[in-house]
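What follows is a pair of complexes built around chain A, which joins chain B in one and chain C in the other.
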Partner chain A sequence: MSGALKPILIAAGLVVLLMIAGETVSPGFASPEQILRLAIVAALLGIVAAGQNLVILGGREGIDLSVGGVISLSALVAGNVMSGSDAGLFPAILACVAVGAAIGLLNGLGVTLLRIPPLVMTLGMLGVVQGLLVVARNGIPSGRAAPVLSDFVSRPQWLGLPGILWLWLLIGLAMAGLLNRTVFGQRIFAIGANEGAARLAGVPTQLTRMMLYVLSGVFSAIAGLCILGYSGSSFANVGGQYMLSSIIAVVLGGTPLSGGRGGYTGTMIGALLLVVLQGLLTTLSIDESGRQIIFGSALIVLLLFYGRSRGLQS
Partner chain B sequence: MMKRPFLRAMPPYLPVLVILICMFALNGLAEPNSLSAYALKGLVSTYLALMFLAVGQTLVIFAADIDLSVGAILGLVNVTLVSLMQALGDTAGAIMLSMLLAVGVGAACGALNGVLVVILRLQAIVATFATSVLFLGLALFVMPVAGTPAPRLFWRTFGGRIAGIPFAYFVLAALLLMIFLLARSRFVQRLLTVGDDQLAAFQTGLPVNSIRVRGYIMCGVFAALAGLCITGDTASGDPNVGGLITLNSVAATVLGGAALSGGVGTLFGSVLGALVIGSVGSLVFFLGTPSEWQNLVQGLTVLAALMVGILFSGKARA
Partner chain C sequence: MPHLKMTDMNKTYGATKALTSCRIELFPGELHVIMGANGSGKSTLCKILAGSVKPDSGTITLDGRKVDISDPKAARNLGVSIFYQELSLSRNRTVAENILAKDLPTRAGFVDVKAVMAQAAQAFAPFKEVAGDGFDLSARVGDLRPDQRQLVEIAKAFAGDADIFIFDEPTSALDRAQTEAFFKELDRRKAEGAAIVFISHRMEEVFEIGDRVTVIRDGESVSSASLADTTRDRIVAEMVGGESNTGVFADPPQAPAPGKVRLALQDLSSRRLRDVSLTLHAGEILGLGGLHGQGQSDLLRALFGLEPTTGDVLLDGTPIALHSPRRAIRGGFGYISGDRQTEGAITGRSIFENVVPIHLFKSRQHILRRKTLQADVDRVLQILATRHGGTGLPISSLSGGNQQKVIISRWLMDDTEVLLLDDPTKGIDLKTKLELFELIRSLADKGMAILLYTSEDAELLANSDRILVFNNGRIVRELAGADRTRLMLTRAAFEAA
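Coming up: the complex of A and B.
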């Protein structure tokens, strides 16, 4: 267990270090309100990364490049279904979860039945979803979030925390339970570690893998809904930035891209780490180029701590 | 996998060639003018950058690696080249020197990727994403806002004609000559061997790490050549020019019959794959698709082409 715990501890230590550094450089960076704001942004990323995490755990080069497109589409659909009224929230949730599940199902079918490499299948799907977005945005007004959704994402509600942080915590517990305590969870690790052996042991490998992609679509759709609540209205391509940052959060959290090992708790810390790092760089008064250069270099250094594959000599 | 002898004998780029011919036939049916010399020249000069990028991407994919920073390298080379040409003057000599230095920048970017992925053993997908953020930052440092024009001599030459033949065709011919030579080189054979079975290649004494690093460096060089083409096509510098082209370079490579798991594919196939992506764009346009539907139709067609390409290449390895 200590082996699995190490990356999580490194990431958590780095989060604390960055917070201290931020507070030193710009007092107020680690104030409670600011921490809450960073936590909300991390929750948005963390929810996307939950689906990404499942797909990566399932192995066979599992990856979902379509998450950003699903987020944008879900935010657009939800915004139009609810169009600023609380009464429309429930139908909006149903609509965007259906959209996410449908796209995830198509990804899953392509990866399992047609045996298309996940990178290629979800990349092609990203192109399709981006096309859908252009069609959908043409002719319908950009929707608005229901007040209750905006409050859920950004207003302190229960014990001083906004609903989205409770939702994230709940997802964290559910993922830990799913991965460690259920048959489905055992099957995910089994197909991720050795698909052939899992099939011989009677695991329905195709069905399990398909479910992972459906879940990834659903998580992205939920994230899209929350991002709509965070930003107030659904504007163009809100999800674009989440494609690769969700993958990085998973890797920083100690789940290697090769699959079969890891978990979601680390991914949550990984998402926090990414968001705190970006928050710190935004606080420092340096221009866009400097921020990007430092962020890129920091990512490289962080990655050196994790997921280095074995050398040929060993 | 059981394969019929017929399938084994066919060149790996046959599926993509058939798809490309179908695309051109559909283009011709939709609008005969789309096959005019003028339209073809436009197609080639617009998609030359993607062809170069796809060849670079294919070299790393041969060795079972991947480079998601090619678009960012292209952007960095674009702004570096335009800034250098502005600083050094617009004489032919200064432009040549700027181009040479810009290709050097691409090679350096590729070398950094190679060191991170091969020597420091980072996972290629995340490592090259991290470097793409770094390269984008450097591009923004070199040129904070888009719009500095390239010298007239540079883009007039790229868009012009020599002896009545469009210059873009000379560049295309040079690219084809390069891949003809590369395909027969020991370098590419070794990349394919490493990609096919890295451990076996190592055990037979091949310098696996040095081969893979050189693959990344060559990928950087081709991304830089793509950057030269895009500068000729857009005639200006824009740090964000490489936005979506990275994913298209991967799609072109896969369309061309290369397997992401390495060891399989041809450089020629990837060039055809880039042309398929270009001809899909032109088909969607010439079919008179309403503008808001064009991206969707293009996305669906590329996805369908990817599926057909993978299913019929008989190498549908994940």
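Coming up: the complex of A and C.
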């Protein structure tokens, strides 16, 4: 247990450290409003990372590079279905979940039945979806979020927290339950740890792996919906930035890219850490290029540190 | 004077003695056969000569001069060439490139494609007529049939200018015409003065082409004789030795009263199996014997739905289709592989998670009730006296023997009717082996039907009620009652071909 807990504690400690550093450099960085804002951004990333986490846990080089495309497409579909009216919210949810599930299913079929490496399959899918977006949008932004959705994402609602934070918390509980309390969760770990042995132990390896990609598509679609609410309207490639950061959040949270062990609680902290780090760099008013260099270097140092600590444990 | 002499060769792997003061002399122009039962040390001796295994001690002399074969390159420089069963071919390279892989002709630092084709054609010339359809020097080796690959491997061994050739089971995939062509080439090389080491389990061909034979038993060279002066029976007797059962294993069990027929196979065939028919009774341990790789594992894997088959499988009298492990598990089969790291342990996960998957699958549950399951997990681990520090620890924290106990205990959570054991004690210490076989016997006594393959003949003899001897995918002999002796087993394995 301590082995699984350690990366989570490190990441959580770093989040606190960064907050203190931010508050010292620029008073107000750790103000309640600012924390809330960072938490919302982290929740958006965290929801995407939930799907990414599942796919990575399933092993066999599992990765979903199409999440950004699914987010953008979902935001576009949702924005046009609801087009600014609350009445359209429910159909919009159904529509974008269907879109996400369909893309995830195609990814899953490609990876399992056609045995296409996940990197290639999902990257190809990303290209296809981006092409579709260009065709559908014809270059013009379209669609608007329903007011109730915007409130859900950005206005404090219950106990001073916006709905999306409650949703993220709910997803966190659901993921923990799924991974630790269900047979499906057992199967995910089993195929990630040793697919050959899992198959001989009665695990439906293909079906399980396919489900992971479907779930990743669904989580990205939900994230796309929330991102639409956050930004008000869908703009071109709104999901683009989530591809790499979702993967990094998973790894920072203690799930190795080889899969088979880890969990979502760490990923949630990983998402927070990423967002706080980005926020701090923005606050320091360094120009964009310097920010990227520091951000990249910080990630490398962090991951190096992780690799070492795991190496020492085993 | 012998061309090459190996004396007092010793080699141990961990606690296993592979060779004990083993010796062999090779004369120029002779074909020297090495014979021995499974695990007697034949292959180790050849690998030492080829430089791929280092002996613990021993002397090798070439033309009276002491030599040191420290690596494969040194062996090649001394004129030793070895045939490996397919192991040395690159599937993605062409036939020509493979034949000349040891020494590709170059020009100005680049591979000389023309010279490769010409030299390869010359090296393959003896087998050109018998290679069959679809064969081409520029074909990719991966696209060839097994017999064609074996010919390529033979041509590769002959390429270059060696004068000591080692062939370890070179004819296993060849048809008669191909074998003839190979033997003709062997004769030609002999006439040129080459010394040839030949390992084969086909008695007939041994007597057909061999000049002398050295018999190895338990790592010791027992005898060397001219084949003209010996007989099959004598060779078999020497391979087996005086004692009927060696090692710590008990006497063969008393045949129990057979229970009802649990499993019946009729003419089961697959890629490696030919018309296998057998019946397995409840409460019986049926051993699968013979030389390694004759279809024993293939049968077990086929029954577990891992290989496509034709023929009928009847479980308790009802036909059952075995096309996936999940179907086989539902039908009541259990499969335990000796290859724990790839086919047994769900590595990196806990002991608990390694015990429960079969139960979770069979009980069609969706919620993981850890607390409820814990009692059952503890119970089955207790049956096997598994030593562990808590079921939450990773399975990799256990010794190999205890890992295998965890994997076996998977199948005890619910009823398993037919247990398929595929060399289950591979790499496990002696004490745990004995415990495992005791457990396997007690499972049989409770009515489980068990098919057992093990790579150690002594284990097979000590633990099987009956033994079916396999050769090239077929059952060639059934040994029951007093026939279950090492002598009978070895004779059946070697003479059936």
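Annotations
Keep this in mind: the second predicted complex is superposed on the first by the 303 of 314 C-alpha atoms of A that agree within 3 Å, B and C clash if a C-alpha of one lies under 4 Å from a C-alpha of the other, contacts with A are read in each partner's own complex, and residues count from 1 in each chain.
Here is the rule we go by: a contact is a pair of C-beta atoms (placed from the backbone, for glycine too) under 8 Å apart; a residue touches a chain by one contact, two chains touch by 3 or more.
A quick note: this is a predicted structure, and the numbers were derived from the prediction, not measured.
For chain A, the partner that touches more of its residues is B, with chain B and chain C as the two candidates. Contact with neither chain B nor chain C is seen for A:Pro156 once the two complexes are overlaid on the shared chain.
By the touch criterion stated above, A:Gly13 is placed in contact with neither chain B nor chain C. In the overlay built on the shared chain, the residue A:Leu304 is in contact with chain B alone; chain C does not reach it.
In the superposition on chain A, A:Val203 makes contact with chain C only, not with chain B. By the touch criterion defined above, A:Gly28 reaches neither chain B nor chain C. By the touch criterion stated above, A:Leu132 is placed in contact with chain B alone, chain C being left untouched.
Of the two partner chains placed by superposition, only chain B is touched by A:Ser289; chain C is not.
Judged by the touch definition given at the top, the superposed model places A:Phe189 against chain C, while chain B stays out of reach. Within the complex, the chain A residues that touch chain B are 60-61, 63, 65, 110-111, 114-121, 123-132, 134-135, 137-139, 244, 247-248, 251, 256-257, 287-297, 299-300, 303-304, 307-312. Interface residues of chain A, counted against chain C in their complex, comprise 1, 180-186, 189-190, 193-194, 196-204, 260-261.
Interface of chain C with chain A (complex): residues 304, 325-326, 329, 335, 337, 342-349, 353, 356-358, 360-362, 365-368, 370, 392, 410.
Chain B makes touch with chain A in their complex at residues 66, 68, 116, 120-123, 125-127, 129-141, 144, 198-199, 202, 208-209, 247, 250-251, 254, 259-261, 292-300, 302-303, 306-307, 310-311, 316-318.
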